[in-house]
Amino acid sequence: MARFMLQRVITSIVTLFLASIVVFVGVRLLPGDPALVLAGETADPAVVAAIREQFGLNQPIWIQYFNYVGQALQGNFGVSTRDRIPVAEILLQRLPITLELAGLAILVGVLIGLTAGIVSAVKRGSFADYAANVFGLIGLSVPHFWLGMLAILFFAINLQALPASGYVAFTEDPGENLRRMILPALVLGTGLSAVLMRQTRAALLGQLSADYVRTARSKGVSRNREVKHALRNSLTTVVTVLGLQLGALIGGAIITEQIFVIPGFGKLIIDAVSARNYPVLQGAVLVAVTGYVLVNLAVDIAYAYLNPRMRLAGGAR
Amino acid sequence: MSVLEVEHLRVEFGTENGPVIAVKDVSFRLEKGEILSLVGESGCGKSTVAMSIPRLLGDSHVTLGGSVRLNGVDLSAFSEKRMQAVRGKEISVVFQEPMTSLNPAYTVGSQISEVLLRHEGLSRRAALARAVELLELVGIPDAQRRTAAFPHELSGGMRQRVMIAIAVACNPVVLIADEPTTALDVTIQAGVLDIFRRLRDNLGTSIVLITHDLGVVADIADRVAIMYAGRIVEMASTAAIFAAPTHPYTRGLLGALPSRAVMQTDGRRRLTDIPGLVPSPSTDPDECQFAPRCASASGACTAARPAADLVAVGHSVSCYHPAVGAML
Amino acid sequence: SPSADEVVAGGIAVVALSDEPDTLDPTVANTFVARVVFTAFCEKLYDSNDSLELVPQLAASLPVTSADGLTVDIALREGILFNDGTPFNADAVKITLDRNLTLDTSSRKKELAALQSVEVVDDNNIRLTLSRPFSPLGAQLADRAGAIMSPTALETLGLDFGTDPVCVGPFDFTDRVPGSEINFTKSDYYYDKDLVKLDGVTYKFITDPNIRAANLRSSDINVAERLNASDVDQLGADGVDVLDVSAIGYQGLTINIDPTMSSSPLASSVELRKAFELSIDRDALNTVVFAGQTTPDCVPLPKQMAFRPDDIQCVDFDPDAARALVEASGETLPIPVELLIPARPTDQKTAEVIQQMANDVGFDVTIKPVEFVSALDLGRAGEFDMFLIGWSGRMDPDGDLNDLLTTGGTNNYSRMADSEVDSLISEAASVTETDARRDLYAQALDRIDEIKPLIYLYHDTWFLGLAGITGVEYSADAIPRFKTAELTK
Amino acid sequence: MITAKPKAASSTPRPRWQRVARRFARRPMAVTGLILVVGFVLFAILGPILLTDPNQQDFTAILQTPSFAHLLGTDDLGRDVFARIANGARVSLMAGVMSTALALIIGITIGLITGFYRGWVDVVVMRIVDVMLAFPFLIFAVGLAAILGASLTNVIIALAVSQVPEVIRIARGEAMAIREQEFVSGAVADGARDGTIMFRYIAPNAMSAFIVQATVAIPAAIIGESTLSFLGLGVQPPMSSWGIMLTSAQQYLAQAPYLALFPGIAIALTALGFNLLGDGLRDVLDPKETR
Amino acid sequence: MSEQPVLEVSNLVKHFQSGSRLGGGRTVVRAVDGVDLTIGRGEILGLVGESGSGKSTVGSCIARLTQPSSGTIRLLGRDISTLSRREMRPLRSEVHVVFQDPYSSLNPRMTVGQIVTEPLRQHRRGTRAERNRIVSDMLERTGLSLELVGRFPHELSGGQRQRVALARALVLGPSLVIADEPVSALDVSVQASILNVILDLQIDLGFSCLFITHDLSVVEFISDRIAVMYLGKIVETATRAELFRDPQHPYTQALLSAAPTADPSSARGRERIILSGDLPSPTEEISGCPFHARCPVAIDRCTNEVPLLLGVTGPDHQSACHLVTAENGAPLINQGDKNLVHNAS
């Protein structure tokens, strides 16, 4: 187990390291450079050159990279080209917002997805199963942004029940914060819940026909306990799926934040792309990637916990 | 009164490709402290019989016919709830696959305790203590420590013994063992069979032992029922089956054993095999289903199904042309 | 009418901007939205009025230019303080102007190119020495180049002035939440603080005009900048006041007229460029895409500008004439034109309408939408046949022509190189007299029209939505000011 | 371990595809999916031929609600929404199918090679796959589309590249599982070359997995295309794509909600069709059930 | 044994590395730990042993499906243990394998005809017509009717599949066939017919065979000579008759006594040796005799010293046990001091 963890941690670090190179190079592959954006409409070549120098963009890329990594390892991600505010500060400001959104979405997704998945697997062939399946399929087939548009159309424009958009910090007004987060979280959570529902259902159905469930039945236990036996073994799949879905969740957050004007990470990334704000873009993408890698590390550890076979020997996946 | 009476058991599975009549008509009795062996080739319906006695085939695609009586009480009328009280307590089952029949996510101890908690009303602690005793009973060394082990930490033989511990936890009246040793090595198989023998001797457990290994049968069974295509074609004491097999199929099975090789005139060793293929389980024609593969088949065989006849005391056979006497 | 509503004392006005401003450092800032925000806390030596004429703000009077046009004297207001309590005086002005002239990354350097040195005459007077006569200088000082920064703040923050800027202004910078908002509170040091009724202003960044409108409707914000024309009627019906102003900027089709860079026949044929213009129905474009809310035009100078020639005659939409020209060109039809556009919904819609109109007379317009910054890159590099791009406009006509159409100009995307135009524009900049300048610009515009490196389309009309607020100033430069604003119930 | 048991051979065995087809036909959901998919494909092929010009603007008929003249109404430039949806179907299906096909070709080749050879090839490829997976799809696609520029080809490339890691994982998993099967050892024992083993023995047996993956990936790619278009990184105007139609519809959400409704429904139905089809195929091709 | 043997294996070792390269420490599975074997021309050598004792690994090393860790494998006198895949390719026609699982040993996407033709194709034997003739001949010999040629494996019964596998293995006329539990998954009656076919073909075609099984009655039926394997080592080899008459190694003795015989009279009367515990994990390094932990008669020497495979009582009967002596022969394990022997009632 310890070896397995160590191995996972090492591969995670390798992944992050490679990811940082990809981010760094990728950002610089975008046509147009930050200096040009900053220099504005008039874009005086002298000013452009000065800005490039100021942000070290005139150096060879590998030197830029090593400088960046050296600084980043000390927690210094540079300053935003747009407003010279330290990137770390910006990231810290934005992260809680996206975490709240993602957290709520995961809550929604897990609550709906897991419940629906379990019910539909246990009551296979029933109306509830049918309904859950239809929900799952539709959830998979509807783009986030359209769902967001429909939600705004229905709840904000037609019913005028919820605000169309905007963000209020939780610390400022918790009630208002939640009121404004409900729609985005629902929109973001729906896709997740659809995936989770389907995976839970499939995993649980698979496990329910496993030999050990038959053994449990032969002991004379109730149906609920049978399901419990199977569920314990299905959770590994569900947890893994949750980890892998995180990428989709971050992607969905970008769109959702865009539509509901939530100043989170997704919006930060999109804005940074259009402003060619390299330091912010690098920082934000790296944090997103780190989040993904960490969550999947956590998932693997949870997996190991849920799956006793893993506790001794190594090598999941 | 027999402990277990199975009468005209019929099991039909509805599948996408039409019905599968896995068990067509099976009747037998089991006495107290008796080991009855159900023998037959793959797919002849042995497991289905085993599973349908405690009604473990809980699927909507299954149609059950006939009756199962436990100590004279007809179980077929029982609700699912009442059956739950019977399973694990009065009838318990040991399955073939020791690798997959235990839940990988729970410790061995808790899986044994579960049945005790369910039927014996023991406290968690008492159940665990009893689990240790049971593990000792089935010959697992260092039982105390093993209760905390997960199935994957045990070898196949040990897992199979854990399965047996679970099955015998509540001193069942009837133990159904579905190919309990098939996946095990011979040296380990011998140990497991030994446990069955001791259970029968010490606790008076009645055992239905399903197998396709005639060696196992010879070793342990009191009586043998030979199954072919969803029916019992011959039933007799173990000694009688081996000494005087009467049904051509039984004779074919015995002849196919490598230990019964015959030397041909050209000096080649040879086994007698049964030509042809097993019939499809989707139909149940009124004829002897072994007839197409049978050397002694006649027109009568395909005209109507032969009924079970007694050829000797306690020796019944369903055949128009029963053979007499020992095999060569 | 808002005046009928009951006014509330104090309160914070929430203003939705269409974009996030760049740094709030007047020396380096470049975005339009930053200019909007500067009005809250950073006054300039001069401001502009409804006809885009100069009026004093931190200066005491209009600048006095010497006869040779090489020295400019500016008298400053006395006894006023920066928002940190630092006294405002000639030294402070010199420090700001010097910084604008010398900082490497100063975007003002070019605007003040004619300015040679700044001299403190006394506490309240400065003298500017120019290298050549340069009449647009006043206009520059009415923009970011004339925004005076607190020397104390410059001292402590240096390059990072924009992170906590201090100027003279009705409001004082409190904090900035990147990506979300900038907060200001009423300044205690402001000379006109009695006129200031609000406790503060918050500028939020909401890029989507629909969402700005929705928030206005739900009263989550008080002011929304640059609403969609299509939303205006509905907003009015919902009780939102909408002010509009014809923006000083223009939108146009820049044509690459360097045949070595563009393979389209447009590059080498003035006739075809004329045909293209003739094919465009500016009024229809206005109606369809902008609900009739823009001001179609064929010159860069806005209608409200005093220097605009009076007798501008735009060519009328005439598809038959266009077709005739196209056919007369002898090129194989249809004539290919790749139209580069920034990938933004409105630009895309405009492009689609133009495409249909031009294709109708024998062009084959393909639209190439590119993300905005990349599009500018391509524009600058001359990798396009035609580029749908605008200019935000300047108070002084020089800013709308020089560098955009002069030989070798950085923003001369069309690769225009005409000595006649060059000299007309530079001459106009050195003349001080309004009529004379207007005349020179008229000649320049005529010449430009002959060459047609650019097909001007319209001046935007910008809509400012107001909900629960009154007293907002919104004039010719399209920058809302909140100095005298008050919230209403 | 003894798992497989001989089964009685049926008297007249049918070809596998016939049995699969029969099983498929018994699933109403799967058949619905097939009908939806075929319907949209036909719509995409025939629609633009039969309907009016999707790009024809009519300034006298702007933002009209659905009517006989315009079944689904007109958009902000007076173009027929139905015709534009038909045109968008081409784009969406093209983007979905082509990107998935591309991803499958690349992913399967790499996946089979890594799964077959394992060793350092595998270690290196899997680290790269990890990195690719760690980039949320949208960030990846947005970046790629921004670098490459907006056009259908580039959208297809961006979508394909972002799908590749998943395909590699699946192909690798299949290759590793199948190469353990004895018939592969048998081929090795014959002296079969590696290429023969990979493409004659392993690939055909992984086909079910690939087909199922394709039907899962296509709807995701269709949604991906619309999302990229929605972010302004999609196809070139005036070509209509459902995502672009939705982007411009956003402006008229209050005035003309049907503009947002119909393209959205088209996306959802197409994706639903592929998802239903995929589910059906997954069940039907499940090796457990076909054996 | 004047003639050159078809196969000579000496000191074959195969250790599997498990665990990842990145993760630091690895474990070693000693699947095969020094095996010597010889198979003469036309001889069938039965290899028996418990599950996990390394039988299959020996087989696949010989067929070079697995790269041996060390040791030499001589096929027809040529050392093939270090040949590259390319060098090995032409020699592949000399050695072929039949696997246990009739369901996974045939490519499900190929027809019977294609499957049996495949080795000919790989070795570019004959024209298409010749191949077809060879294939139909082979199918006939294995008892398959020609109408099966167009069928897919899943359309066949287990016995038919195993015949196809046999046809495929023999179609190139190899000198050596490795049969890895070819009948273990089959019912007795089917098993019988397959065993008959193997014997017939072996006599007709004259190939040598390494027959791997865990079923003593099968090995007794088919083999000329038998090797007993325990934990990666051969513990005893002898001719069939000799082994059953005089099992010398304690493990062999336990195995024979535990094996069920389908004869109630002998099955019940007989004394049964039940070994304690299971096969130890092959990852542990065991000093001394691999069997000592379960051996009822082990002495101190057994835990310290590895016994060599020696023909103590005669050159043709080799066993690896310290307790076998030329004078007394094999130890009597039911008289061991450990209380492990049950007398069946």
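Observations, loosely collected:
Order as written gives the chain letters A, B, C, D and E; numbering starts at 1 within each chain.
As a convention for this text, a contact is a pair of C-beta atoms (placed from the backbone, for glycine too) under 8 Å apart; a residue touches a chain by one contact, two chains touch by 3 or more.
For each chain, UniProt lists the protein as follows: A, D = ABC transporter permease; B = ABC transporter ATP-binding protein; E = ATP-binding cassette domain-containing protein.
Note that this is a predicted model, so its numbers are computed, not measured.
With contact taken as defined at the outset, chain C and chain D (ABC transporter permease) are each touched by A. Each step here moves to a touching chain, and the least such steps from chain B to chain C number 2.
Separating the CA-averaged centres of chain A (ABC transporter permease) and chain E is a span of 53 Å. We define each chain's centre as the mean of its Cα atoms; on that basis chain B and chain D (ABC transporter permease) are separated by 49 Å. Counting partner chains per residue, chain D (ABC transporter permease) has residues 2, 5-10, 146, 149, 250, 253-254 touching two or more of them. Along chain C, residues 208, 371, 374 each make contact with two or more other chains.
Along chain B, residues 42, 277-278 each make contact with two or more other chains.
Against chain D (ABC transporter permease), in their complex, chain C makes its touches with residues 208-210, 228, 230, 234, 284, 287-288, 343-345, 348-349, 351-353, 355-356, 366-371, 374.
On the chain D (ABC transporter permease) side of its complex with chain C, the touching residues are 55-57, 59, 62, 76-78, 146, 149-150, 232-233, 236-238, 244, 247-248, 250-255.
Taken in their complex, chain B has these residues touching chain A (ABC transporter permease): 54, 56, 58, 60, 83-89, 92-93, 95, 97, 100-106, 114-115, 118-119, 150, 152-153, 163, 166-167. Only residues 20-25, 28-31, 104-107, 109-111, 159-160, 162-163, 176-180, 204, 206-208, 211, 214-215, 218, 220, 371-374, 376-378, 380, 391-392, 403, 410-411 of chain C touch chain A (ABC transporter permease) when the two sit together in their complex.
Within the complex formed with chain C, the residues of chain A (ABC transporter permease) that make contact are 30-32, 36-47, 50-51, 53-54, 80, 82-85, 89-90, 93-94, 152, 156-157, 160, 163-167, 261, 263, 267-268, 271, 273-276.
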